[in-house]
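Note that the chains are named A, B, C, D, E, F, G, H, I, J, K and L in the order they appear, and that numbering of residues resets to 1 at the start of each chain.
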Amino acid sequence: MSSVYKLIELVGTSTESYEKAIENAVAKAAETLKEISWFEVVQHRGSVKDGKVEEFQVILKVGFKLVD
Amino acid sequence: MSSVYKLIELVGTSTESYEKAIENAVAKAAETLKEISWFEVVQHRGSVKDGKVEEFQVILKVGFKLVD
Amino acid sequence: MSSVYKLIELVGTSTESYEKAIENAVAKAAETLKEISWFEVVQHRGSVKDGKVEEFQVILKVGFKLVD
Amino acid sequence: MSSVYKLIELVGTSTESYEKAIENAVAKAAETLKEISWFEVVQHRGSVKDGKVEEFQVILKVGFKLVD
Amino acid sequence: MSSVYKLIELVGTSTESYEKAIENAVAKAAETLKEISWFEVVQHRGSVKDGKVEEFQVILKVGFKLVD
Amino acid sequence: MSSVYKLIELVGTSTESYEKAIENAVAKAAETLKEISWFEVVQHRGSVKDGKVEEFQVILKVGFKLVD
Amino acid sequence: MSSVYKLIELVGTSTESYEKAIENAVAKAAETLKEISWFEVVQHRGSVKDGKVEEFQVILKVGFKLVD
Amino acid sequence: MSSVYKLIELVGTSTESYEKAIENAVAKAAETLKEISWFEVVQHRGSVKDGKVEEFQVILKVGFKLVD
Amino acid sequence: MSSVYKLIELVGTSTESYEKAIENAVAKAAETLKEISWFEVVQHRGSVKDGKVEEFQVILKVGFKLVD
Amino acid sequence: MSSVYKLIELVGTSTESYEKAIENAVAKAAETLKEISWFEVVQHRGSVKDGKVEEFQVILKVGFKLVD
Amino acid sequence: MSSVYKLIELVGTSTESYEKAIENAVAKAAETLKEISWFEVVQHRGSVKDGKVEEFQVILKVGFKLVD
Amino acid sequence: MSSVYKLIELVGTSTESYEKAIENAVAKAAETLKEISWFEVVQHRGSVKDGKVEEFQVILKVGFKLVD
C-alpha cells in the first residue's frame, strides 16, 4: 500500500535564532516520533522585553511517515 | 532547553454563540491536556435548519506546552 | 443524480452581536430559499459612530441544495 | 480635495465576548481619534488558563478620516 | 454537552490519482480513528522521475468527533 | 458595449471523482444558464463514512456571459 | 429589522482601463438591481493578442441592499 | 546602524481613477512625513450611487524611513 | 556547494482528468528539462462549452535541480 | 496532444498608469515570445519621491502557449 | 478596563541576518515605545548587488500595550 | 521606455542557515543573470534525518532587470 504521512504543528523557541528554534522543535518531536522527514515553517514571531528580543518563536509543521 | 509547544486543530460547536463554541472545544481538550495556554480561531461557520441557525461551529487551534 | 448546492454571499448586520447579524442574514435568505443547510463566515467588520460601535457587520456565504 | 482615511491595527481584549473586545479597542482609540468610522476584524484568538478561556483577544483595524 | 471534533493533517499518496491518494490517507487514519466524518484538501503536489509523474501526493485534513 | 460576465459559486458532489463532481455541478447550472464558458475550483473536500470516502465535494465558481 | 445586503461576483471588461471595466460591470448590474452601494475588486487580469493588451478584465463583487 | 522603515495604512479616494486615489493618499501623507519612498496597494474598492461608480477607493500601505 | 532548484509555472490541459493535465504539462517540460523532481498544483480550473466541461486546466509549478 | 502553457512573472513600470505599466511589460515580453495570450496581475505597488508618486509598478504573470 | 494593544508595521534591515534585522527594528521602535511585548514577521525579502545579498529586509509588526 | 523586470522562482539549500540558503540561490542565479536587484522569500522549509535538521530550504523569487 502507498505511504501515508502525518503533519503535526509545533512552536519552537530560541533566544538565538530561528534555525535554533526549528532545531529545538524537531528535537523535541523526535523524542517520540522516529520517522520525521521534513518540516514547513508557518510563521515567524517572537517576544520582546525591555526593548530587546527575548525569544524567537517559529510555528512549523513537522511531517513523518505513519508506519504500518 | 527552550520550550516547545504543540498546536492541535479542533471544531467546537454551540447553539448559543461562538464564544460558547470555543469554550466547549477548550474544555474538551483540557480533559486530556493540562498545559493549554492559547487558541487561534481559523474559521467561523455553522449549520442551518428550517431557515434558522441550528449550530455555531468554530474551527480553532489550541496551543499547549510539551512537558519534558 | 448527485446533489448540487449553491453558495450566495450576504452581509448581515446587527447592533447587538455577530451571532444576531448571522441570524438576520440567514432569516432574510430563508424568505426565498427553502433548502439552506450551512453558512461560512468570510469577514467580520462594523461601523463606528461617536466613538462607539454602531453596527456589527458579517460577510457570510449561505449554502443550499438546488432542487431538481 | 478627496478624503483620505487612515487604518491603525489594535488588539482588544475581554473576558466576556469578542463584541466587548472590539468595543474596548474602539473606545480606547476614540480617546485620541475623533473621526473613527469603521473597523475590520483581522483575527480572533485568546488565552487559556486552567483549562478555561481567560481572555478573548481580537486583532482589528480601525479606520478614520484624516482631517485637513 | 455540544459535540467537539478534531482535525488531523495527513499526506496521502498514490501512483494513480488524487482520489486514490485521499482514500489511502482516510483508510490509514480509519485504522485507529472510528469517527471520521469529513476531509478537506489543503494541497495537491507530486513527485516526478525520468520525466513522468511518479506519485500524486495530497495534503488533507481529516475531521472526526471526539467521543466522550 | 463590452462584455460582462457573472460568477456563481456551486458545490458539486460525486461518489467517483472530482472531475465527475465538477461535471455534475456544471450540468446542473447549464439547465438554466446557457452561456457558461469557464469554471474555477475553490476547494476540494468530502465526506467519510465507516472509514471510507462517501462523497467527493468540490466548491467551484462557474462563469457565464450576461446577455444583453 | 436590520439591513441585509447581497454580494454578486462579476467580470467587467474594457479595452481602455480597469476603471472603465468596473463601470461597465456596475452599469450592467444596475440594469436589474436598484440598490447597489459598493464594490470590491477581486482580481485584475486581461487578454493579449499580437503582443498587445486586447482587453482589461476585472473580477469584482458588487454589493446591494436586499429590499423588504 | 541599519535603516528602519515604517509602513502606515491609508485609504485614498478619487472620482476619476485609482492612480489619482493613490496620489491623493500619498500627497496627504507627505504633508507630515518627509521620507516616503514606496507604497503597496492592499485592496481596490469603491462606492456606487444611482447605478454609477461614485468614488474609487484604494487601501494602500505607504513606507518611509525613520530618521535618527 | 549546496543544491539549487528552479520552479517554473505551467498550465496543463486535458479533456479527461486533472491527473492527465498534470502529466501533459510534466511531459512537455521534460522535453527540455532533464532534472524535474516535483510539482505543486496552484489552481484547478477549466473551460465549458454547450453546458459540458470541454477541458480541465491545471496551473502547476514544476521543480528541477539546476546543474552545475 | 493537449496544449501546454507557461506563465512568467514580470514587473512593469510606468509614470502614468497601471494600464501603461502592464502594456510595457507585455510589450517587452512580446519581443521574444510570440504566443502570449493572457496576463494576471499579482500586485500593485510604486515608488514615491518628494511626496509624489514617481512610478507605478505592477507585478503580473504573462501566459503563453508552448509551441511543439 | 481590559488591556488594548497596538500593532505598528516596520521594516528592519541588516547585512548579517534576519534576526539582526528584527533586532534593529525592535530597537528603533523601543526608542519611543516603552511597552513593546511581541512581534510577528510579515515578509522576508532583501536587496542584491553584484550577484551578492546586500541587505536582508524583514517586514514585521510590533505589538505594544496602550497605557492609560 | 520604462524598465521591465523579471522574477524567477528558486529553491536554495544550506545545512547552516536560511541566510546561507538564500545566498546560495542568489549566487547560482548570478552565474547567468547580471542584473539581479532584489529577492522575496516565499516559503521556509527543510528536511530532517535521524531526528536532526538535515538541510534548510528556502523558496524565493529573484528579481532582475530585463536589458534592452
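Please note the rule applied: a residue touches a chain if its C-beta (ideal position, glycine included) is under 8 Å from a C-beta of that chain, and two chains touch if they have at least 3 such contacts.
Computed from a predicted model, the values in this text were never measured in an experiment.
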- Task: Indicate the lowest number of steps between chain H and chain I, counting one step per move to a touching chain.
- Result: 2
- Common contacts of chain F and chain K, by label, are none
- Identified repeat of the I-J interface (over half of residue pairs identical), from A-B, C-D or A-L: A-B
- Task: Average the CA atoms of each chain to get its centre, and name the chain whose centre is farthest from that of chain A.
- Result: G
- dist(centroid_CA(chain E), centroid_CA(chain L)) in Å evaluates to 31
- Task: Would you kindly tell me how far, in whole Å, the mean C-alpha position of chain K lies from that of chain I?
- Result: 38
- Message: Centroid from C-alpha atoms only, then distance chain B to chain D, rounded to Å. What do you get?
- Response: 22
- Between chain F and chain G, what is the separation of their C-alpha centroids in Å? 22
- Listing for chain H: what residues touch at least two other chains? 8-9, 17-18, 44
- Query: Where do chains touch, given as pairs?
  - Reply: A-B, A-E, A-K, A-L, B-C, B-D, B-E, C-D, C-F, C-G, D-H, D-K, E-F, E-I, F-G, F-I, G-H, G-J, H-J, H-K, I-J, I-L, J-L, K-L
- Spell out the residues on chain H that touch chain K in their complex, using ranges where they run on. 1-9, 61, 63, 66
- Message: Could you list, by residue number, the parts of chain A that touch chain B in their complex?
- Response: 8-15, 20-21, 24-25, 28-29, 55, 59
- Given the complex, residues on chain F that touch chain E span 16-18, 43-49, 51-53, 56
- Message: Could you list, by residue number, the parts of chain G that touch chain H in their complex?
- Response: 17-19, 22-23, 26-27, 30, 34, 36-41, 44, 62
